[in-house]
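Look at the two complexes coming up: subunit A is in both, with subunit B in one and subunit C in the other.
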Partner chain A sequence: MSNWAAQYNRSRSTHAPAALLQDEEDDDDPMPPAIEQEPEPEPEPETPLEQLTRHWMNERHAPDILPVQDDLLGKLLDHIRRQSDTIQLLRGDPSTSEEEHIRIMLAQTEVERVKFVVRSYVRTRLFKIESYARYIVANEDVQTRITTAERDYASRHAQLIDRHFHNSVLQSLPESQTALDDTPSFMPSMVTEPDTRRAVFAHALRNTVARTPDGKTIDLAKGSLTLIAFAAVAELITRGDVELV
Partner chain B sequence: MSDARQFGELATQLVMESRRSTQTDTLLKYNDSLVRSIIREQRDLEKVAVAHVLASAALPNPPPALMIIQTAIARNKRCLLAYHHHRISFLATLYWSLGASLPPLLSAESTSIRAKLSPHEVDYLRSYHASVMSFRAEFSQELDITASITQPPKDLHVLVHVVRDCGVIQTESGSIDFRMGRRFMVRRSDIEHLIVQGYLEEV
Partner chain C sequence: MSLPPSLRQSVTPPELELIACQQLVEIVPLISMEKTAFISGAYGPLRPPHRAKIPIWMAVNLKQKKKCHIIAPVWLTVEYLQQKLTQETTQAHFTQLPFRFAEISRVLLDVASDDLQNPDKLRTLLKDLREARQAKARAGLENLEHSTLGLSNLSAMEINEIRPFFIQAMAVLGQLQPVFNKDRNTV
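This part shows the complex of A and B:
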């Protein structure tokens, strides 16, 4: 495949509209990303898709909502749109050769696969937003990490749940029992919060130091894999020093 | 409040239903009568609690009985909410697994799910759907965030077998009339929702 892709990239340069196809071919197999990225010691800049894949994996493994990668997502979606337009153009062009049709198909498949990752990323965030809707609405720190659309969704969802609880249960209870934020002793809080103490597997991309909430520091050597509480590495994940696997 | 019962016994039954539902991965019928009985118990407990408060107004410390009643009230309430929350989470999961569409859930004929829901749950599903749809509208046409995320696409095209008539569908290669029993080679993204909803089957 790599052979083929190289050849393809060379021939492509003669074909102006197909120039957009290049990036897709470079990062050909997006699915098992963590493993793919590891064995490269030279500091090659990540392609947008590799970045997305890393953020996607982080998001899937983190108990809390991570900062949204809005720019990256926008860039990729624009790219997908341009790709699809190019593909449409080439498909409609009768002078497109048989060989090129195969390339078009590969590019299309790749577009579908990138969309899959984007979709999964968005849906993972959506799931967390639903789970922690009330917590997000009350917490401004979290709101800085999500998009406006996600914030709207969170407040809509919190309202939906409240209304359902009210209609099904609370309206029939005595006045003093209708609150949704009681704090009786020996019971968990009624507002579900992400469990940031949950253990995650952190793969260090550079030499770095994790700081646990109780003030201890742990050295993470580059390339090492550590089982550690999420809270200790949350900041490192945002900085890109550590990825979750 | 019947004296033969312990505090919170009914609520335990309710939570057990949620537990059974999780273990068998099915949605049980909404237990309206049990929910009502617990709500009645709550009102009775509240009255008893108020009576205790009034009677002990002159005492330096609240009587221990009051604390027990308050604990029972708090617990019952949490059990009620847990039961309802468990049900709507189940419904949301089902909703997404059906490709984020309401008709399969709410149509009278296809499944018996609707018969198991309380009217409030049907309302909830409708508003939930509306909320998801307006979130979806934030993304461009290119990306349908409600499409399947269980399997990464491996092929562009897929051979499908039509299980139920679903009329004429627009695909990239023109419109196709999907009649029962036929087979078509079509682009996956054009018809994926039909596979999810059980109209087509992958061969």
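This part shows the complex of A and C:
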């Protein structure tokens, strides 16, 4: 039982117990008419899990790879490991009561939920890296947004695919046709690039301004929802002013 | 491969439910529990018959084991939804509803229909609301142009429903529009 108290004190010191108070999502809920005159309460700072959920959704909807959040991931993975260790300890202990079993079960459920979000986040990034492996290897700018491990994965993946194509088809073709990075005129290049002109649903968390590829400037009021090209809001997402929904 | 094809285009409704269930809901616990530290924060202590606020997934778990009663959120009542429905059918733009009302109402109606007043009426009202809003979304398709479209007050599930179509429509409209690209790399 003391393990939970120790954990609680430790987690209390690292981040505010936002869960007992209104979390940021509840700001979308309209107040009943009687209290509409009150000023909007200050949103509580996001818990790490809420931040990861937001980044996960951003990553799922964005056509391009977003900057990696490896310290956030690291913190959460540590937390998961600590919770799992505590659970293991309490399960093996024969003196746990009925109430304790419920807490263990709830903690296990939550660990599974958080692991799902982490796994889905990493899988989405890996999928994008696999699709754009050659583009990443050739392009410095994208390499700043991915971890070293992901970069190695991209180059190995690109090499594997190249070797496979060579061994199966390309070696039988004449020399001039064996390249895999042609840029023919009037057609998209052979190296697939992320399509940043794809439209995304952007939810503005603060009043900001977006600039579309056509040169138009659009004001985004806080809380508004806009269908807009990804290229226009890419920087705003990195800054945290806009989230994809 | 990394991401199964069913997940590549859009988010699935069960995933939206997962996110929606992280929000808090009020319950009347039937068991007592000490303050416990979870990954998303510390909840408890649960002292019956005092009310407590816990995440929806936890409340659903306890409710299925008959260890709590869920109290409906402010917006999940017949009067509130009736009012919103009349607003929806009289106004041209979308009324303001909680962002994830579809997921939360589905979960609560499935698990805690005995804790809610008049669940059948709630279901009919929600269905009517959904149909009214869908009709408006379809009408809004006419305003779609190649660069932007503002649609406030849509809920998460509704956005998810229209997402594949709207994104493709915008892409096609963008192709039809002559684009003056001086340099491919400028954004």
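FYI, the second predicted complex is superposed on the first by the 203 of 245 C-alpha atoms of A that agree within 3 Å, B and C clash if a C-alpha of one lies under 4 Å from a C-alpha of the other, contacts with A are read in each partner's own complex, and residues count from 1 in each chain.
Just so we're on the same page, a residue touches a chain if its C-beta (ideal position, glycine included) is under 8 Å from a C-beta of that chain, and two chains touch if they have at least 3 such contacts.
None of the values given here were measured: they were computed from a predicted structure.
Undergrad: Output check: A:174 vs subunit B and subunit C. Expected answer is one of first, second, both, neither. What do you get?
TA: The answer is first: A:174 touches subunit B but not subunit C.
Undergrad: Of subunit B and subunit C, which one contacts the greater number of residues in subunit A?
TA: Residues of subunit A touched, subunit B against subunit C: more for C.
Undergrad: Touching A:156, do we find subunit B (first), subunit C (second), both, or neither?
TA: first
Undergrad: Under the stated touch criterion, which partner chain does A:108 make contact with: subunit B (first), subunit C (second), both, or neither?
TA: The first partner, subunit B, only.
Undergrad: With both complexes superposed on chain A, which partner does A:130 reach: first (subunit B), second (subunit C), both or neither?
TA: In the superposition, A:130 touches subunit B and subunit C alike.
Undergrad: Going by the contact rule set out at the top, does A:79 touch subunit B (first), subunit C (second), both, or neither?
TA: A:79: touches subunit C, not subunit B.
Undergrad: Report for A:67: first if it touches subunit B alone, second if subunit C alone, otherwise both or neither.
TA: neither
Undergrad: Based on the superposed arrangement, let me know which partner A:116 touches: subunit B (first), subunit C (second), both, or neither?
TA: both
Undergrad: Examine A:50 and indicate which partner it touches, taking first as subunit B and second as subunit C; both and neither are also allowed.
TA: Only subunit C is touched by A:50; subunit B is not.
Undergrad: Between subunit B (first) and subunit C (second), which, if any, makes contact with A:165: first, second, both or neither?
TA: The first partner, subunit B, only.
Undergrad: With the touch criterion stated at the top, can you tell me which subunit A residues are shared between the subunit B interface and the subunit C interface?
TA: 80, 105, 109, 113, 116-117, 120, 123, 126, 130
Undergrad: Residues of subunit B touching subunit A in their complex?
TA: Residues 35-36, 39, 42-43, 46, 70-71, 73-75, 77-78, 80-81, 84-85, 88, 92, 118, 120-121, 123-124, 127-128, 131, 134-135, 138-140, 142-145, 147, 149, 152-156, 188-189 of subunit B touch subunit A in their complex.
Undergrad: Per the contact definition, I'd like the list of subunit C residues that touch subunit A in the complex.
TA: Listed in rising order, the residues of subunit C that touch subunit A are 1-3, 7-8, 11, 15, 18-19, 22-24, 31-43, 53, 55, 57-58, 61-62, 65, 67, 73-75, 80, 96-100, 147-154, 156, 159, 163, 166-167, 170-171, 174, 179, 187.
Undergrad: Write out the stretch or stretches of subunit A touching subunit B in their complex.
TA: Contact set of subunit A toward subunit B: 31, 77, 80-81, 84, 105, 108-109, 112-113, 115-120, 122-123, 126, 130, 149-150, 152-153, 156-157, 160-161, 163-165, 167-169, 172-174, 176-177, 182, 184, 187, 190.
Undergrad: Quick one: which bits of subunit A touch subunit C in the complex? Just the residue numbers, please.
TA: Touch residues, subunit A against subunit C: 1, 4-5, 7-8, 10-12, 15, 17-20, 22-23, 25-26, 28-30, 32, 47, 49-50, 53, 57, 60-61, 76, 79-80, 83, 99, 102-103, 105-107, 109-111, 113-114, 116-117, 120, 123-124, 126-127, 130, 196-201, 212-214, 216, 218, 223-229, 231-232, 234, 245.
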